[in-house]
Structures are given as C-alpha cells and as structure tokens.
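Dropping the structures in below, format is structure tokens.
Consider the two complexes below, in which subunit A is the common component and subunit B and subunit C are the respective partners.
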Partner chain A sequence: MIEVRNVSKSFGGKKALDSINLTLPQGQIVGLFGENGAGKSTLMKCILGFLRFSGEITLDGEPISSRNIARLSFATNEHSFFPNLTAQAHMEFYQLHFPKFNEKRFRGLMEFFELPANKALRHFSTGQKNQFEVILSLCQGADYILMDEPFAGSDVFNREDFYKVLLGILEPTETVLLATHLLEEVEHFIGRAILIRRGRIVGDISMLELEESGRKLIDYVKETYHYQADRVSKALNELTGEQ
Partner chain B sequence: MKTSFEDTLARHVPPGVDGKRELIWLAVGGALCLLYSLSFFIVYLNHYQALFVWDGTARVLNTEAVMPDFIALLGNSLTGFLILALCLPALIFYHYAYHYRDSMSIYLMKRLPDRWELHRRCISLPFCGILACCGAAFILLLVYFGVYMLLTPSACLAPDQWQKIWIAFLGVVK
Partner chain C sequence: MRQGVSVLMLAAGSTLKKLLGLFVIMAAAQSTLFYFALQKSLDGEPVGLEQLISQSRMAIVAGVGFLLLCALLSLTACEIGGSKLRYTMHRLSIPERTTVLLWAGHNAVCFFLFWIVQLGIAFLLCRLYVTEMGGSAYVSKQTILLAFYRNSFLHSLLPLAETSRYIRNGILAICLGICAACFSFRQRHDKKGIAVVVLAALTVVSFSQAMGSLAIDIFLSLVALSIAAGALIGVWRVGSYENEL
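Here is the complex of A and B:
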C-alpha cells in the first residue's frame, strides 16, 4: 500500500500540494482528477521521488528509495523513453534494470497495437509514442502504475482500445493511479475517484458508492467543485447585454 | 553484430547516444593534440643545430653553447591535451541535458533501482577522456624529456632539468 501522509510541496512560495493524505491499496484502478495546475502531476512526482517535499510517503511502510522503486512505474505525456532507441532496445534496457519485466505482455501489447519493434521511437506518431509509453509502464513488472495524462494527443479509438486492454490484462495485485481530464471516458473503468483542487484532496469516493447514490462521476465532480450551472448563460448575458 | 567492447561502451553512455562516434571524436581530438605536441621537435632541432659550429667543412660541437632548459623548449606543445581535457566537462553536461531533450527520459533514469546508472552513463566516457588526456600528456612529457636528455650532448646540458620541470608544474618560482 502506498501511504501519503501530510505531504506539502511549494514552488517559490506557491503551494502546489497542501497537506495531502491518501492511501492506495493494491489492486485498485484509481482516477485522479483536477483542473490544470491542481497538483496531479506534482503529487505523482513526489510519490516517485522526483521532487522534494515535506511529509511522508511510504510503500508498505518503507520510504520509497532505490530498494523498492522498481515496484512503481510511470507513464507520462512528457514521455520517459529514449527517442533514439527502438522498442526492442527499450525492452532490453528494461530487462537489464527491472528483473520482473513482463516480456510476454510486452510482445502481446506491441503486436496488438501494431507498433514496429525496430524503428527508433522518434519516428513514431504521437499516438504510437503514447501507446509505447503506457506499454512500458504496464510491462515493467511494477505493483503500482502511475499514469499522468498518458493519452494526451491520442485519438478516441486509441484511448478506448487502451482502457479495454488495461482491464483485460491487469493482475489483481496491480494498482493504477491515472491522472486525466477525461472523466466520462474513464468512469466505467476506474474503481475509485480522487479529486484534487489547488493542491488539496477535495473528494475521494468509490465508484460503487457513486453508483449506489445514483449519480454520475461528472455530477460528483460538479458538486464537489461547487460548479455553477448558470455561469455560462450569465457570462453570455453580460457580454451581449441580452436578458 | 556488436562486439563486447561496443556493448561495454554502449552501457557507459546515455541510452541512444552513439558512444562510438563520441569515442572517434575524442580520438580525433587526441590525435590533433599529439600532432601539435610534435612542434616540440621543431623547436628542439633548431636549438640542437645551434649547438654546432662549422669548422671549414666539418661540423663541430660548440662546447661553450648551452641547450635551453627542457621546460622552455616544451613551451605550449602539450597545451592541446589541457584544452581537450577542459572541454570534456561540457560533454558531461551534454549527457545530462540529453535526458531532457525530445522526451523526459530523466524520469526513467531517476527511477532505476541502480541509482548510479544515470551518473555512470553521463560521466564515464568524459572522465576516461580526461584521464586519457592527462595520461597521454604525461607519457609524451616523459618521451620528450628522454629524447632531450639522450640526444643533447652532455656538455651542453644545463643542470637540474627534472627539478625545473617540477618547479614549472608546481608553479614554484625560483
């Protein structure tokens, strides 16, 4: 289980994360939602140890360090692969560093998405790059897969395929933390939704609870964010001077 | 088919960087430094010839003549190696910056279980290059010094040549 306790992070005096408390048990698919700059990426980068922070983040009670970092993988829209290397070379690099690398899953996903194995990644399309980034994170052999807007720039078919594949291949012990804006697309495939706003967790609910209450994820988000449904019509009225 | 040397080299540069090409550039740089250092012989031969005078048709040693100090003849002939060695930290910087170019592969390198992997791949080749520059400069210094001591007639040698080298390199002013 990943435990985030009282984690805060500031950039030049501006709070990016403000006393975040969160637990991620194994075997969940969790959606992390929030507007741009809400702190989703910062939270993930703190978990992975890319940023210094105050507070505590542990993995099964141990601080995250080089000893247990292989249990976490990361897919980001910034891409963390090497553009000059081929997919095959990436597989070899991962096998060298991550003993639990799942070659069978890698080959299966490469085949499913029809990605070329011997072409440098810089020649891939944006959609293919995104697919490859996610494939690597899924095949590393990690227990916790952190995904930060991995489908930015991908078309809807691309994304749909991925959700389906993801649901099909994940082991019961694998956890996915998926930061995205695409609420409606992922609501049927996540088990829990966490809402983050201005660096604070403002909502944390299981999809089962939502279902039982008869609400949709988007309604929960709007409620939590105190979304004013009439703000567009008000603004238009003010702009056009019409009633 | 990659040789084991190429494999080893590939493991000591950032993934996707052409280590062989970097090594070739380093070798070219080293060769140019070596060629430049040969200017020592031109200077030496000029002074060597000045040790002799013509007596009719015979060339005889002027025992009054004194060969300039080795360190003075050496001059800047090994400076190329110093310049090359000083350029190599820029290669270290380039290797680190490579992980932020066109993607953020730094994220992958930072979450490898081997936390030295990133530094090993960024520093190894330039560091070996610096060592090679220092080593080559030292070996050439010894070779040129040997040539100077063996070829210069002992009657024309100024004393304390070896000490004068140390004084020059340690910056001690007599």
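Here is the complex of A and C:
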C-alpha cells in the first residue's frame, strides 16, 4: 500500500500540494481528477521521488527509494523513453533493469496497438508515442502504475481502446493511478475517484458509493467544486447586456 | 554487470554512426585540402612537409572535428528528443551517478579514437607527400620523423619520446569524457554544464605545442583535472534522489 501522509510541496513560495493524506491499496484503478495546476502531476512526482517534499510517502511502510522504485512505474505525456531506440531495444533494455518485465504483455500490447518493433521511437506519431509510453509502464512488472495524462493529444478511439485493454490485462494486485481531465471517459473504468484542487484533496469516493447514491461522477465533481450552474448564463448576460 | 553494459550500449548505439560519419568527413576534408596544397606545391615552388601541413589547414579541420565530437558526446543523453529521460534514468537499477561514470568512460574512448584516427590520417597524408615528392631535395628517409618533431600539431598528435605529452593527451581525453557526461547529466537536471565548453575551448587553443613545452603540458593537465573534478563534484552535489526532477 502507498501511504501519503501530510505531504506538502511548494514552488517558490506557491503551495502546489497542501497537507495531502492518501492511501492507495493494491488492486485499485484510481482516477485522479483536477483542473490544470491542481497538483495532480506534482503529487505523482512526489510519490515517485522525483520532487522533494515535506511529509511522508511510504510503500508498504518503507520510504520510496532506489530499493523499491521498481515497484512503481510511470507513464507521462512528457514521455520518458529513449527517442533513438526502437521498441524492441527498449524491451531488451528494460528487461535488464526491471527483472519482473512482462515480455508476453509487451508483445501482446505492441501487437494490439500495431506498433512497429524496429523503428526508432522518434519516428513514431504522437499517438503511437503515447501508446508506447503506456505499454512500457504496464510491462515493467510494477505493482503501482502511475499515469499522468498519458493520452493527452491522442484521439478518442485510441483512448477507448486503451481503457478496455487496461481492464482486461491488469492483475488483481496491480494498482493504477490515472490522472486525467476526461471524467466521463474514464468513469466506467475506475473504481475510485480522487479530486484534487489547489493542492488539496477535496474529494475521495468509490464508484460503488457513487452508484449507490444514484449520482454520476460529473455530478459529484460539480457538487464538490460548488459548481454554479447559472455561471455561464450570468456571464453571457453581462457580456451581451441582456437581462 | 549486464545492466552497466546495457547503459554503455545506449551511449555507444547513439554515437557510433555519427562518430564514423565525423571521421569520414574529417578525413575527406583534410585529404582534399592536403591534396590541393600538395598539387600547388608540385606545380609551383615545392615546400617542406611541415610547411605543407600548415598550408593544408590540417590543425584547423582537426579542431573543428574535435569541437563537433565534443558537441556530439555532450548532447548524447540530453533531453533534446522531446522525451524526459530523467524519469527513466532515475528509476534504473543502477544509480544515475554510476551511469555518468560509465558514459564518461565511453566518451573518453571516443576521444582516444579521435586521437588515433587523426594520427592515422596525418601519417597517411605524410606518406602521400613522401611518395609524390620522392626524389626531391625535400624528401629523405627521415622526412616524416622530422615533421613529427618540428610541426607542433603533428608532434602533439604523436609526441615520440616526449612522455609528458602522451600523459597530457591521455588526461585531456579522460577529462573531456567526464565533462561531456556531466553536461548531459546537468541538462537532465535543468542545470547548465559549462565545464565541457571551457575544456574543449582550452584544448583547441593549446593542443598544438612545440616539443619540450613541459610547463605548458603540466599546466594544461592540471587545469583539465581541476575542471573535470569540479564537474564530477557538481554531479555528486546534485545527487539523484535529493534533486528535483
């Protein structure tokens, strides 16, 4: 289990994360939602040890360090692969560094997304690069797969396919933390939704609870964010001078 | 062990073709310039080998080639291909600092190769001079040997009995290798690396030294060692897990 306790992070005096408390047990698909700059990426980077922070983040009671970092993988729309290497070369390289690398899953996903194995990644399209980034993160044998807007810039079919595949291949012990804006797209694939706003967790609910209460994820988000439904009409009235 | 080799292969894989290309272009440029200078010499007033080496601008072409090599090695593993390699480097099974040392070794080998290739080109062109100018008063059995004593550039490439120059060149290759590896490390950590720029400029300016310039050789070696040590300390200070990616 990943435990995030009282984690805060500031950039030049501006608080990006403010006393975050969170637990991520194994075997969940968790959606992390929030507007741009809400702190989604910062939280993920703190969990992965890419950023210094105050507070504590542990993985099964141990701080996250070089000893256990292989239990976490990361897919980001910034991409983290080697652009000059081919997909095949990546597989061989990752197999050496991540002993639990799942070659069968890698080959299966490469085939499913119809990605070329022997073409340097810099020649891939943006959609293909996103797919490959996600494939790499899913095949490292990590228990916790952190995805930060992995499909930014990809088309809807691309994303649909990915969600379906994700549900089909995940082992019961694998956890996915998926940061995205695309609430409606992912609500049928996640088991839990965490809302982050201005560096604070403002909502954390299981999809089962939501379902039982007869609400949709978007309703829960609007309710949590105190969304004013008449905001648009008011603004339009002011702009056009109509009553 | 295998993980270390895999990291080395990453660097070697992305530099090998470019390195070979650089050698071919450098050899072609130097051969062409030398050939034209030689033809001019054959058609007009003949000149000695050392003078022809100077006239053919061999040292300048070598300097440009050397700077290109520095750039090539420094930019390897930099985040210039639209990918944040830092996230992967941070999670590999070998620490990023170890990777810097491995890549420094790889870079040093590339600089040694550059030295050997440049020496080979220079020697072949000297042989061409001897063949073309055979029978003239400018050629004797010792023409090439004497040229490597008298011409500063050739002497610095092959210092013959001057051991201190070999040591200086070795130190330069190793220090440049370290600085180039530190450059990409610093770039991945959003920091600037100027050590390789300073050392490359210093090397270009002061590589060609006349025979017996022991004091300059020692000074250059010490400066190179200081710059490389500074670059390595910088890497250790930046660290890996303590740093913000």
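Here, the second predicted complex is superposed on the first by the 243 of 243 C-alpha atoms of A that agree within 3 Å, B and C clash if a C-alpha of one lies under 4 Å from a C-alpha of the other, contacts with A are read in each partner's own complex, and residues count from 1 in each chain.
By definition in this document, a contact is a pair of C-beta atoms (placed from the backbone, for glycine too) under 8 Å apart; a residue touches a chain by one contact, two chains touch by 3 or more.
Just so it is clear, the structure is predicted and the values come from calculations on it, not from any experiment.
In the three-chain model built by superposing on subunit A, subunit B clashes with subunit C. Look at A:G127: by the touch rule set out above, it reaches neither subunit B nor subunit C.
Once chain A of one complex is fitted onto chain A of the other, the partner contacts of A:F74 extend to both subunit B and subunit C. Using the contact criterion defined above for the overlaid structures, shared-chain residue A:S66 touches subunit B and also reaches subunit C. Which of subunit B and subunit C touches more residues of subunit A is settled by the count: it is C.
Contacts of A:P116 after superposition: neither subunit B nor subunit C is touched.
Once the two complexes are overlaid on the shared chain, A:G108 sits clear of subunit B and of subunit C alike.
By the touch criterion stated above, A:R52 is placed in contact with subunit C alone, subunit B being left untouched. In the superposed pair of complexes, A:F82 makes contact with subunit B and with subunit C alike. Comparing the two complexes, residues 48-50, 66, 69-70, 72, 74, 76, 78-85, 89, 93, 97-98, 122 of subunit A contact subunit B in one case and subunit C in the other. Touching subunit B in their complex are the following residues of subunit A: 48-50, 66-67, 69-70, 72, 74, 76, 78-85, 89, 93, 97-98, 122.
Chain contact summary for the complex, subunit B toward subunit A: residues 14-17, 102-108, 110-115, 117.
Interface residues of subunit A, counted against subunit C in their complex, comprise 45, 48-52, 65-66, 69-70, 72-74, 76, 78-85, 89, 92-93, 96-98, 121-122. Residues 2-3, 6, 10, 13-14, 81-88, 90-95, 240-245 of subunit C are the ones that touch subunit A when the two sit in their complex.
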